[in-house]
Amino acid sequence: MGQLSVIAIAIVFGAAFIAPWLHRRLGDKCGIVLGLVPLAAAVLYASMVPTIAAGGAVAFRSEWVPSLGLAFDLRIDGLSLLFLLLISGIGVFVTWYAAGYLHGKKDLGRFYLYLFGFMGSMLGVVSSDHLVALFVFWELTSISSYLLIGYYHTAARSRASALQALLVTGTGGLAMLAGILLLGRMAGTYRVSELNALDAAALVAQPGFAAVLVLILLGAFTKSAQFPFHFWLPNAMEAPAPVSSYLHSATMVKAGVFLLARLHPLLSASPLWMPIVAPVGAVTMLLGVAMGLGQRDLKKILAYTTLSVLGTLTMLLGIGTEAAVKAAMVYLLAHALYKAALFMCAGSIDHETGTRDPDAVGGLRRAMPFTAAAALLAGLSMAGFPALLGFVGKEYFYKALIATDGQGALWEILGVSASVAMFALAATAAWKPFFGPLLPTPKHPHEAPWTMWIGPILLGVAGLKAGLFPGISGGMLIAPSVHAVLGSADHEIAYKLWHGWTLALGLSGVTVALGIVLYLAAPRIRAASARFAVLGRLGPERCYELLLSGTLGFADWLTRTTQNGYLRNYLLTIFLFTAALVLWTLPSELSLPDSSALIPLQFLPVVVCLLIIAGAVAACLALSRFYAILALGVVGLGVGMLFFLFSGPDLAMTQILVETLALVLFVLAFYRLPLFSHYSKLGTKIRDGIIAAGFGVVMTLVVLAEMGAGGADMSVSKFMGESSLPLANGRNVVNVILVDFRALDTLGEITVLAIAALGVWAIMRLRPKNTEKGGDK
Amino acid sequence: MNSVILTTVGRLVAALLLIFSFFLLLRGHNLPGGGFAGGLVAAGAFVLVMLSEGVPTARRLLGVDPAKLLGIGLLVAMASGFPALFIGKPFLTGMWDKTVWPVLGKVGTPLVFDTGVYIVVLGVVCMIVFSLGGEDAED
Amino acid sequence: MQIVLAITIGVLYAAAVYLLLRRGVVRVVMGVSLLSQAVNLLIFTAGGIKEGGSPFVAGASTSLANAADPLPQALILTAIVISFGVLAFTLAMAYRADKSTGTDDVDDLRSTDAQ
Amino acid sequence: MNPVTLCLLVPLATAISCLLTGRSLRAQKVLGVSGMAVLLGVSLWLMAEVADGTIHVVEFGNWPAPFGIIAVADMLSAIMVLVSAITGLAVAVYSVADIDEGRIRHGYFAFLHFMMMGVCGAFLTGDIFNMFVWFEVMLISSFVLMCLGGEKPQMEGAVKYVVLNLVSSSLFLAACGILYGQTGTLNLADLAVKSRELMHPGLLTMTAMLFLVAFGLKAAVFPLFFWLPASYHTPPVAVSAVFAGLLTKVGVYALIRVFTLVFTGDLMFTHGLLLAIAGLTMVTGVLGAVVQFDFRRLLSFHIVSQIGYMVLGLALFTPLALAGCVFYLFHHIVVKSNLFLISGITRRYGGSFQLKKLGGFYAATPWLAVLFFIPAMSLGGIPPLSGFFAKFAVVKASLAGDTMFGPWAAVLGVVALAVGLLTLFSMTKIWAEVFWKAVPEGVPKVDLAALTPRDKALLYGPVAALALLTLSIGFFPQFYFDFAERAAAQLLTPSRYIEAVMGGTKPCIRFGISFSRWYGPGC
C-alpha cells in the first residue's frame, strides 16, 4: 500500500507535465480530463481510509541522497489523510472550475502545469515523513504558487503580489530549513514519526531548542499568513479565482497549520509553545475578521476570513488540549469545504457580472440559481448554522475554549467576537449577492457553465452531509487525525451534531443574534472603512515594503560605493588589503638576515641599485613619455646588470634583449597613443605616493623576512645540477631546466607568447563594428 | 637620412644578427644562450630591417606569415615531446642520439624543443612589432 | 648587499604601485611593466643570490659546486618572457582602448560599472 | 598516452590547427567544435581512470617529483576538467552561431582552445610554478577574448580586467618565489611535506596571504572582485558564458588546492579569514545583483555571490562542507554558463540586455521561458534542482556544529540562507521583467524571425543540454554528490596525494632502450 502514496503524487506531477500538450490537443476540454487525475488520487487515498481509521499508517521509504541525510520517506497517518483527501478532492473541482473560468486562455495548458505542480507538491508536503523532504515540497509549493498568483503576469500588481507571497513564505521557509537542520542535529533524526516518538521533554530541555522552535514556527506562520506576516494573503487575491479557491481553502495556507499539527507532539512540549502560538493565532483571528469587515471586494472579504480561520486553527493548536485539537480538526475540514466553494462562487460572480463589490451586486439568485444554492450552503456552514459542518466546528471550538483553563472568559470572548464577525461576513459573501433586489452590473448576469458550479454545489452538499452525520466523517477522518496530532490513540472521540443544551449552544445563539446585527451594519462599516484605509498602510505590510526598499537602497548605495568604476580605487583596495594581510601575518620573531650569510656591500652592484632606484623614481615623475621610457629602460638594463653581477648570464642576456625590444614596442606604441596627459591633482599624487611607498616598505619587509628565515632545503636544485650533464646532456643548467626538467613550463610560456602576439595582431587589426553586435548603449 | 648607407648597414647587421642567433640557439644547452635568446636576436634582425626600411620589406624578408611561424614553432615544440610517447614514456621525455656530432654535440629532442621555442619567439616578436609598427592598423 | 636589493625591490614596487594608480592609461601600462621587474628581482633575491658562480657544469665535474641556484633563474627567465608578451598585449590594448573610447583617462572608463 | 597529457595536448593541437588553417571560416568552426568534443571525450576517460579513487600522476619529461613537473589527476581535478569540457563544448557550439565572422577570422576559436588548455593545465598540474604558467595561458587568452572586437564597452571593461588580473599574477609569481626561497621546492606535494617541517611556520602563513590575495583576486572574492562586474558583461555572450563558468572557478580551485594541501598549519587563522571573506563575498555579491537592471551584469554579480558559498565550504573544512564546495563548483559552472547563454538568446530576440527594454518572452517563447526557469531556479536554490542540494550541503555543514569555528559557522549558515533568498529574488526579477512583463512601450516586439532555424538549433542546443544536465543533477543528486564526496575525502587526506606523487620513487636506473640508439633519462 505504501507505493500507492507515491503513485498518487507521481500521477499528479505526471499530469502537470502533459498538461500543456493536452491543452494543445483538447483545448479547453483538457481541464475536464485533467480533473480525473486528482479524482484518481482521491480514490487512491480513500482506499487507505479503512487502514488508517483502524489506527494504522501507510508508509513508504526510499533513499534519496544518503550523503546529505535526505530520504524520500512518506508516511500517511490520520492527519495526512485528512489533508490528502481535501487536497485531491477539492483539486478535482478546482480543475474543472478553472476550465470554465479560464476558458479560451492561450496559456491554460501552462496554468494546469503550475496547478498540478502545486497540487503534487502539496500532496508531498502532507505525506512526507522526512522533514527535509517536507521542506523540498514546501519550497515547491512556494514557487508554484508564485507562478499561479502571478498568472495575470502582464499586470504589475499581479507580479508584485506573486513576489510578495514568494518572499514572505520563502523567508519563513528558509528559517524553517535552519530550524529543521538544527532539530535534526539535536534529535539525530529527520523522520517525523521518530521525532514524535522521542522523549519530547528531554529534547525540549536541550539548550538552543528555543531557536529551533522559533525558526520552525517562522516557517509555519509565514506560510499560514499569521500576524505579522498575514499581508501577503489578501494581496494574493490578484490570482484568478480557481487559484484563490485552491490555495486559500485547503492547501497552501493550511500547510503552516499542518506543520504545527504535524510536529505538535514534539514542539508543544516546549514551554514556549503555548505563549507564542496561541496569542499569534488569536491576534490573526481577530485581525482577519476586523479587516474583512472593511473590504469592498468579495474575494478580499473571503481572504480576510481565511486569515481569521487560520488564526483560529493556530490558536487552537497553540492551546493544544485534546478538545482544542479536536475542534481544530473539525473546523479545518469545515473551512476547507465551504471556503473553496465560496471562492469559486465569488469568482463566478466576478466572471458573470464583472464586479466583486458586495454592495454592487444583489438578487442574482434567478440569474445564477446553481451558484446561489452552492453559495448558500457554503455560507450557512461558514456562518455556523445548525445542521452544517461549520456548526459542528463552531460548537467544538466553543467547547474547547470553555474547557481552557485560566484567563477567565477571555478565550470565550475572543472566540465569540470572531464568530460573530464571521457570521456577518458569511452573510455578506453568500447571501448579499444573491438575495434582495437585482442590482445593475457591468455585465449582464447569467449562470456560469456547469464546470463552475458543480464543484461548489458538491462541496456545499459535502458540508451539509458531514454536518448531518458527523459520526461518519468524525470516525473515519477526524478521530485518526486527532490521534495523529496528539501523538496517542487512547482518546475516545465521538462526534455529534447535538450536544444537548450546553453553554456552547448558548454562545452559538448569541453569535447568530449579534451576527445578524453586524451584517445589517456591515455596509456602513465598509463605507466608513475608507477613512481608515490609511491605517492599513502602517501595518506590517509597510514594514515589508520598507525592508525591501531599504535593502534595495542599501544595496544600491553599497554597489555604487564599492563598484564605483575607478580603476585606481580598485587597485588601492587591493594593495591595501594585501598590505594589511601581510603586515598582520608578518612573523614578529624574525630578525634581519644574519650578516655573515650576506654578501658584503660592493661598489658596482650598489651603483646599479641606485641607478635602478633613480630610474624608477624618474619613471614616476617624468613629465613626458620620452623621459618615462628612458627611465624604464634604465630600470630594465639595471635589473639585467644585477642578474649579470650575481651569476645569471642567461638571465642578463634575455633581460637586456627583452628590454631593448620593449623599448622599441613603447616607441612604436607611442606613435599611436596620445601624449602624456596630467590628470591627477597634487594632493592625489601625494596620497598615492605615500600609499605606494608604504606598499614598497611592506614588500621590502617580506623579502627581508624571507631571507631571515634561513636556508631552504636545496635538494631539488642540487639534483638538477647533478643530473644536468649525465642525464640531460647539457652544461647550462638553466637551459636544461627550460628545455628538459621543466619543459612543460616552457611549452606553456611559448604558448603565452604566441597568444599575446596573436592578440596584438587581432586587436590592432580588428576594428569595432558599431553595429548591433555590441550591447545597446 | 633614409640613405643607402643606413639600409646597407642595417641589412648587414641584420644578417650578422641572424647568424649569431643560430649560434646562440645551438650552443644554448651548454653555454649562455638558447631558444629564447636566439629567437629574440633573430627577431632583432627583422626589427632592425623594419625600423630602417619599413614593415613591408621586413615582412618580405621574413618570407613567412608570422602567424604561421607561431603555429609551426608550437607544433615543433609539441612534437618534440611525442617520440617518448612511442616507447611508453611520458610526454616531453628527452630522447638522445648517442653519437656526438661536431658543433652540435649530442642531439636530442630537447634541442628540437628549443628550436621550436626559437621559431615561436621569432614569430612572436615579428608579429607584435609588425602589428604595432605596421600601417595596416590605422583606423 | 641583500638588504640593498630588498630596498631596491621595495622602491620598484612603490614606483609600480604609484604608476598603476595614475589615470593615464600609458602610465598604468608602465606600472605593469615595472611591477614585473620588481617581481623578477624579488624571485632572484628570494632564491638566494651568489657571486661568481654561474650555474654551469664545468669541465669534468657533474655538479654545481658553489654556483647560483639555477632553478629561480629558470623561473625568472620564464617570467621575463611572459611579461614581455603581456607588455606587448597591454600596449595594443591601450591603443585599442584609446581608439574605441576616445580617451586615455582611465577615470572616464566607467560606463560599464555605472548602473 | 594518457588522458592527463591529452587534456593539455588536445586543446593545444586544436588551437594550432586553427592557427594554421588561417582564414577558412568553416574549418575554424569545425575545428573549434570538434576539438571541444574530443576534449570532452578525453575528460570522460580521465574521469573513468580516477573514479576508483586512485590518484594518477604523470611525470612530464620522465623526471620524478619533486624534480620535474608533474601533473596530478585526483577526483577534484577530474571533475573540474570534465565540467570545463562540457561547458567548453556548449560554448563552442553556441559560438558558431553567436560569434561574428570578424572575430572568428581573427582567431576566436584558437583563443578559446588556448584558454581551455590553460584551464585544464591549472586543474591538473601538481607544481605551483607550473600552475602560474597555466594561469598565464588562461589569462592572456581571456584578455584577448575580452578585447577581441574592440567595442567601446568591451575596452572599458578590458582595461580593468587586464590590469587587475595582472596585479594578481604578479602577486602569485612573487608568492611562488618566496615559497621557493623558504622550501626549495615547487612541487605541491613536496611543499606539503616541507611546509610542515619549516623552522618558521609564521612566515608560511604570510606567504599564504600572498597566495590568498592572488587566487582570491582570480576567484573574485571580497574585496578583490571589482574587475568581474566591471567587465564580464562586455564581450560577446559566448565569451561571457565561458568566462563566467570557468575562470573564477580556476581561482577557487587554486584556493582549495593550496589551502587543503600546503597551508594547513594555522587553520584557525587562514580558514577563519576565508570564512569572513566568504560571508562578505556572498553578501556584497548578491546586494550588487539585486539592484542591477542589465541581464548580464546581474548575472555577473551573482558569480561573486556564489563564489562566497564555495569559499565557505572550503573555510569550514569538514568533509561535508568540502563536498558541498565541490558540488557547488560544478553545479555553478553548468548553471551560470547556461544563464549567460540564455541572455544571449533573449538579446537576439529582443535586441537588448536591459531588463527594462525587454518583455513579453513568456508569451512569445514558452520554451525559452522553461529553459531559463530551470537554471534560474537552480541558482535560486529551489528544490529539487542542483542549486538546492549545493546550498543545502553547505548550509547543513555550517549548522552541523562540528567545525572549528563554533557559533560563527552557524552565523555564516544563516547568512548563506538569507543570501539564497536574495538570489531567488533577483532571479524572479529577471523572470518578471523579461518573461512576464508585457513588451514595454517604444520597444520592438520579440522578434522570432531574428533567428534562422540553423542558428536556433545552434543556440538552443547547448542551452537545452546544460539545462538537462542541471535537471539530472537535481534528480540524481546522490550520483553526483558521490563524486564530490570522494573529492572531498581525497582533499582531507593529503597524505594520499603526497604518497601518490612522492611515494613512487623509482630506483635510479637508466632504462634500456627499445630503439638501439635512442635513450632517455632513467630517474
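First chain written, first letter: the chains are A, B, C and D, and each begins at residue 1.
Throughout what follows, a residue touches a chain if its C-beta (ideal position, glycine included) is under 8 Å from a C-beta of that chain, and two chains touch if they have at least 3 such contacts.
Just so you know, these numbers come straight off a predicted model, no measurement behind them.
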item: Pair sharing more residue contacts (C-beta pairs) when A-C is set against B-C; value: A-C
item: Mean-CA-position distance for chain C and chain A (Å); value: 49
item: Euclidean distance of C-alpha centroids - chain B vs chain C, Å; value: 24
item: Rounded Å distance, chain B centre to chain D centre (Cα mean); value: 35
item: Rounded Å distance, chain A centre to chain B centre (Cα mean); value: 62
item: Multi-chain contact sites of chain A, meaning residues that touch two or more partners; value: 556, 559, 563, 565, 567, 571, 649-650, 654, 658, 661, 665, 669, 672, 699, 703, 706-707, 712, 714, 716-717, 720, 728, 730-732, 738, 740-746, 749, 751-761, 763-765, 767-768, 777
item: Two or more partner chains touched - positions in chain B; value: 30-32, 36, 67, 70, 74, 78, 91-92, 94, 96, 121, 124, 128, 131-132, 139
item: For chain C, residues contacting two or more additional chains; value: 20, 25, 28, 38, 42, 46, 48, 54, 56, 71, 77-78, 81-82, 85-86, 88-89, 91-96, 99-100, 106, 109-113, 115
item: Chain-level touch network, classified as line, ring, star, complete or other; value: complete
item: For the chain C and chain A complex, residues of the former touching the latter; value: 1-28, 30, 33-34, 37-38, 40-42, 44-46, 48-58, 62-64, 67-71, 73-74, 76-78, 80-82, 84-89, 91-96, 98, 100, 104-107, 109-115
item: Footprint of chain A on chain B - complex, ascending; value: 28-37, 40-41, 43-44, 47, 51, 66-67, 70, 73-74, 77-78, 81, 91-92, 94, 96, 105-106, 108, 110-111, 113-114, 116-117, 120-121, 123-125, 127-129, 131-134, 136-137, 139
item: Interfacial residue positions of chain D with respect to chain B in the complex; value: 1, 5, 9, 12-13, 16, 19-20, 22, 58-62, 514-515, 517-521
item: Footprint of chain C on chain B - complex, ascending; value: 30-32, 36, 121, 124, 128, 131-132, 139
item: Residues of chain C touching chain B in the complex; value: 54, 56, 77, 81, 85, 88, 91-92, 95, 99
